[in-house]
Amino acid sequence: MVIVLSSKVKEVTHVLDRIQEAGFTGYQAGPSTVVVPGNDEKLQEIVGALPQVERVVPIKSPYPLASREFHPENTVINVRGQIIGGSKPVIMAGPCSVESLDNIVEIAQAVKKAGGNVLRGGAFKPRSSPYSFQGHGEEGLKMMAIAREKTGLPIISEVMEPDKVALVAEYVDILQIGARNMQNYPLLRAAGKSGKPVMLKRGLSGTIEEWLMAAEYILAEGNPNVILCERGIRTYETATRNTLDLNAVPVVQHLSHLPIVVDPSHGVGKAQFVRPMARAGIAAGAAGVIVEIHPNPAKAWSDASQTLDFDEFNLMVDDVNRVASALHPELDSARALVHA
Amino acid sequence: MVIVLSSKVKEVTHVLDRIQEAGFTGYQAGPSTVVVPGNDEKLQEIVGALPQVERVVPIKSPYPLASREFHPENTVINVRGQIIGGSKPVIMAGPCSVESLDNIVEIAQAVKKAGGNVLRGGAFKPRSSPYSFQGHGEEGLKMMAIAREKTGLPIISEVMEPDKVALVAEYVDILQIGARNMQNYPLLRAAGKSGKPVMLKRGLSGTIEEWLMAAEYILAEGNPNVILCERGIRTYETATRNTLDLNAVPVVQHLSHLPIVVDPSHGVGKAQFVRPMARAGIAAGAAGVIVEIHPNPAKAWSDASQTLDFDEFNLMVDDVNRVASALHPELDSARALVHA
Amino acid sequence: MVIVLSSKVKEVTHVLDRIQEAGFTGYQAGPSTVVVPGNDEKLQEIVGALPQVERVVPIKSPYPLASREFHPENTVINVRGQIIGGSKPVIMAGPCSVESLDNIVEIAQAVKKAGGNVLRGGAFKPRSSPYSFQGHGEEGLKMMAIAREKTGLPIISEVMEPDKVALVAEYVDILQIGARNMQNYPLLRAAGKSGKPVMLKRGLSGTIEEWLMAAEYILAEGNPNVILCERGIRTYETATRNTLDLNAVPVVQHLSHLPIVVDPSHGVGKAQFVRPMARAGIAAGAAGVIVEIHPNPAKAWSDASQTLDFDEFNLMVDDVNRVASALHPELDSARALVHA
Amino acid sequence: MVIVLSSKVKEVTHVLDRIQEAGFTGYQAGPSTVVVPGNDEKLQEIVGALPQVERVVPIKSPYPLASREFHPENTVINVRGQIIGGSKPVIMAGPCSVESLDNIVEIAQAVKKAGGNVLRGGAFKPRSSPYSFQGHGEEGLKMMAIAREKTGLPIISEVMEPDKVALVAEYVDILQIGARNMQNYPLLRAAGKSGKPVMLKRGLSGTIEEWLMAAEYILAEGNPNVILCERGIRTYETATRNTLDLNAVPVVQHLSHLPIVVDPSHGVGKAQFVRPMARAGIAAGAAGVIVEIHPNPAKAWSDASQTLDFDEFNLMVDDVNRVASALHPELDSARALVHA
């Protein structure tokens, strides 16, 4: 169950104590929320009668805070004025690795010009081999921050270990947790504590339930701003790098209130298939897409084969907007207003 | 390589003989086509010089007739006036099992009314248990034929064994080969020989290459009218019945000229997710969708949980058309003309 | 439930009629067995009281005849004196494709000499491409029959379509149903009706439950002699051709009374790993192994990379016997007797 | 390539400088080893001529230090006198979670008495839910250390984050890195730097290549004592918790010199199948097994369904020894000596 306290309550100790007296364990999740596993009816009665408690929500799912049972309306996240989770699709784009200041600024300007919303870029890179380029680290984040200054676009970048969360959070607007770290619980907790919005990628063999339970680790630290990212699962098929699982989009939206974006670049792994899969992701109902772009993909330092050039990116943005408008006609008029 | 003979040539024996003399084996595929595995340059020269030969196409892919290398333009199939493979999406719908004459006629009329194009229905049913209802067999096909008479809709139904191909082909407009039989080669050959259009479903663990090679079996019998159907692959994820692999849509379109439709009913296995996945399939570029519908899904004899009722079906058709129009604006004016 | 009739009963019509009168459907499976889906208590009472009925066995599993609930002791099959399903492991070996009479006789003699029990060989071959060698067909079976004559070894070969079951059954001692046909229900029924022992391979993405339900199709035709063969499932791992799933061995033995053999040749797809996986299969409890061997694997017409030469085969047989003896010490003395 | 320096060389700076001058990057891996990605022939010549260099080994595999190309003989690790990687199988056993001092001591004594070699136990537990018991942490490690004192058995326990490596390494003899963290590169580096032997579990969807590249991260820190652990991969099959992939055993042994053990407890997830799969693992060639045991599995705090009781464990040890002796007859006499 989730216990929501009155917003006037300053501390939850008293409530936690009563829960413990009743023989249960409560977990504080944010200033006015407490989770108790299970839905014991007696306990519901006890805490429901406390003056500090506003409401008690019994919940069947194993990820109470992430579930729609607890939070029926969609979570909408505002990052420097960009809305993630509304009906207008959010476009996140940028290079796999931040390569140089000029390069990231050039890309950021292309994202901005195409109507994109967020700049992505890798600074701390998880690489299969210890002998591969591991990213520019903090230097890369500084370059991204300058690109943000020049374009106004919020920035997102990956963090790989709990100890680096504070450092990365100093620069980025959204922390990214990569597929390999979906169940890196200390990292999830640290990202939760940072208070920054977090984009949590689905693991290569993560079930939707495990993924939502991983999101619960972040939410349980009192951080409500979690974005899920479907980036392809591992199957037997080798014609694509991974299998972008768009089924996850409506399923997640049924089970959870958290916004979900799709990453067709990693999902299919070949640039020529990114555009149709981006369209399909939006048609499935995704809140947005995240893609890899580069002025000259063939020369990109990593992920060259799945990276769009600027022309392909512009076409993709156009397609994504067409599909979104077809399904949400109100967007068209909004767009007309912007252009007017 | 594929050897295309002049259309005036009445028999290919002479060409096959010359191929054999050169030490190779040629396979006749239709009245004026011969396939020889590999691309031996000497042989290309020899057959290229024969007066009966119009052109010789060297081909790298293991499925020459199914490949875009051989046939660059899309295959478009006309079934009783319904166009499969054009920019207008084709909607195939109907019950999992044909239950009764009244039932199938009612459903056919609903398909027609919603703007659907083909009536589906199961008469010979592959069932996991020998003790489950195995379909009405020929009686079911007769009911479908009556439904066709009343609505003008062409009909599609599954055939499960080579011996039954002639019988099923007597009734249906399109033969369906199910996922379990994707690599049932005697069945593929028999369906190829029937001359009827064939819809070939992807096997639960069929790779895209294996699937196209299975299509090649049908094409190699001289039957050019093959429709591919993506219906979900088997992965570790259990939140959906299968994992509808929409990535296959652009990949197949890149590799092959054959039209591909998607089956979100089997792909996700839950009615509530069929509509978004149908939209997504069209956005990915599919030539159409095939779905299970029933006036009262809860009472359907099989696949109840993944079956749409008529209202949901109408909403789905509307969504599919919106997405198609957004990506192919010319369709809108065509539709306007129809309605005018 | 399974209804076992007294062995004196000549026909089951009366029993089937009473079942129908009670509102259920009974399926005759052999001369004295009837299956009724479900375990209705009232019906158990009714049929239990019939004089023709010996016993009624309520069964929870979806494959009553294949389940241990119905048949607690192991099924043991005697094929020309070779025992399949006892504690002594059975060794089936031979070429992927039967190539020539000399070749198959040479191989059969090697199998015999090494202490093998059954000669395998492909005559009707399921091939991914319509342009690949499809096997010698009946000629191949004739060659195998001669090899049997010369060595006394029973023979096993694949049948791919219902129409060919009678032909193949004329020659072979065990019908093989391949992985691609695990759910080819008309083929399963035809194999069941043939009365011959049938080895049913697990499909590439067949669950253990689906596999046992496929076996049920054969058993339901009154044919009790089904051997299961684990031959590798399809997973994401590409270091091996398939993933030989040895876990299936103890799981199947827990759920079913049918003997299970393992096929490490297809399971791993590389000759150098066949021997350790054969050993492991026996250690897991398998009733035997089936492997591909050839006097000169590099020149084998198909599956060259996974085929053992005779020396490797001898080492494998030795290993298999060591492991079997370690786990069943009584085998050692039996072997000593044979050699004495 | 791997560059092995003379053991007399005190520092590698000079060699690294020469590599850099030649336009390459060298990575120091331990006191006398340097890795340079690729096998540039010119560079081989240059460094081969340096007086500090003993030999230069060109290597094709992407994990040079883990490959058999570099290190042809098996790695054998001695942990407090227990030999991991020899022909005698090593048995690691213990509870999923350390529960209490009495409990862990009782289990350690059972392991010792059965002839087991290493005590396992979870202190820091990765749990899917943030609201589940997360382990006793350092207290649990202290209890394990006491159990070690009382039995002489070395201990192994999991570490989940780089920051805790020093703490865990203070207590344990072998650091365990769990399946979820196979590609947690900061953790791999930290474990490598600790100098302690590390057991690296394969990720649920880790390919064998990715796994060996993960091991390379540890080796690249100069830590040669890596043990691989196959613990089941994620497939479509739900009859078992995971699919223990024994094929990985011979494949890894072909590609790498590192010892590999198997974990049938997590691999199948059901106690009744642990014993046959442990036997099969040893028959496949594994260096040992790691299993979960508990005096009363039904009351274990976690993983109850896959945990053996002491009697089952004793039977398993006996089976494992029988199989090992059958394949390595020299072990029998060694055992006889011990018992004498």
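Lettered A, B, C and D in written order, each chain numbered from 1.
The rule we apply is simple: a contact is a pair of C-beta atoms (placed from the backbone, for glycine too) under 8 Å apart; a residue touches a chain by one contact, two chains touch by 3 or more.
By chain, UniProt protein names: A, B, C, D = 3-deoxy-7-phosphoheptulonate synthase.
Keep in mind it's a predicted model, so treat the numbers as computed, not measured.
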**Report entry** Minimum number of chain-to-chain contact steps, subunit A to subunit D
**Finding:** 1
Query raised in the report: Between subunit B and subunit C, what is the gap in Å from one C-alpha centre to the other?
Result: 34
**Report entry** Centre-to-centre distance between subunit D and subunit C (centres being mean Cα positions), rounded to whole Å
**Finding:** 38
**Report entry** Mean-CA-position distance for subunit D and subunit B (Å)
**Finding:** 50
Report task. Could you check subunit D for residues that touch two or more other chains and list them? Result -> 205, 234-236, 238
Requested in this report: Quick one: label the inter-chain contact graph as line, ring, star, complete or other.
Outcome: complete
Query raised in the report: Which of the residues in subunit A come into contact with subunit B in the complex?
Result: 205, 207-209, 233, 235-240, 243-251, 254, 267-268, 272-273, 276-277, 279-285, 319, 322-323, 325-327
Report summary line: The residues of subunit B that touch subunit C in their complex are 25, 27, 35, 37, 62-63, 126-132, 160-164, 180-181, 183-187, 189, 203-205, 210, 213, 216-217, 220, 234
Requested in this report: Over in the complex, which subunit D residues touch subunit B? Could you list them?
Outcome: 205, 234-236, 238
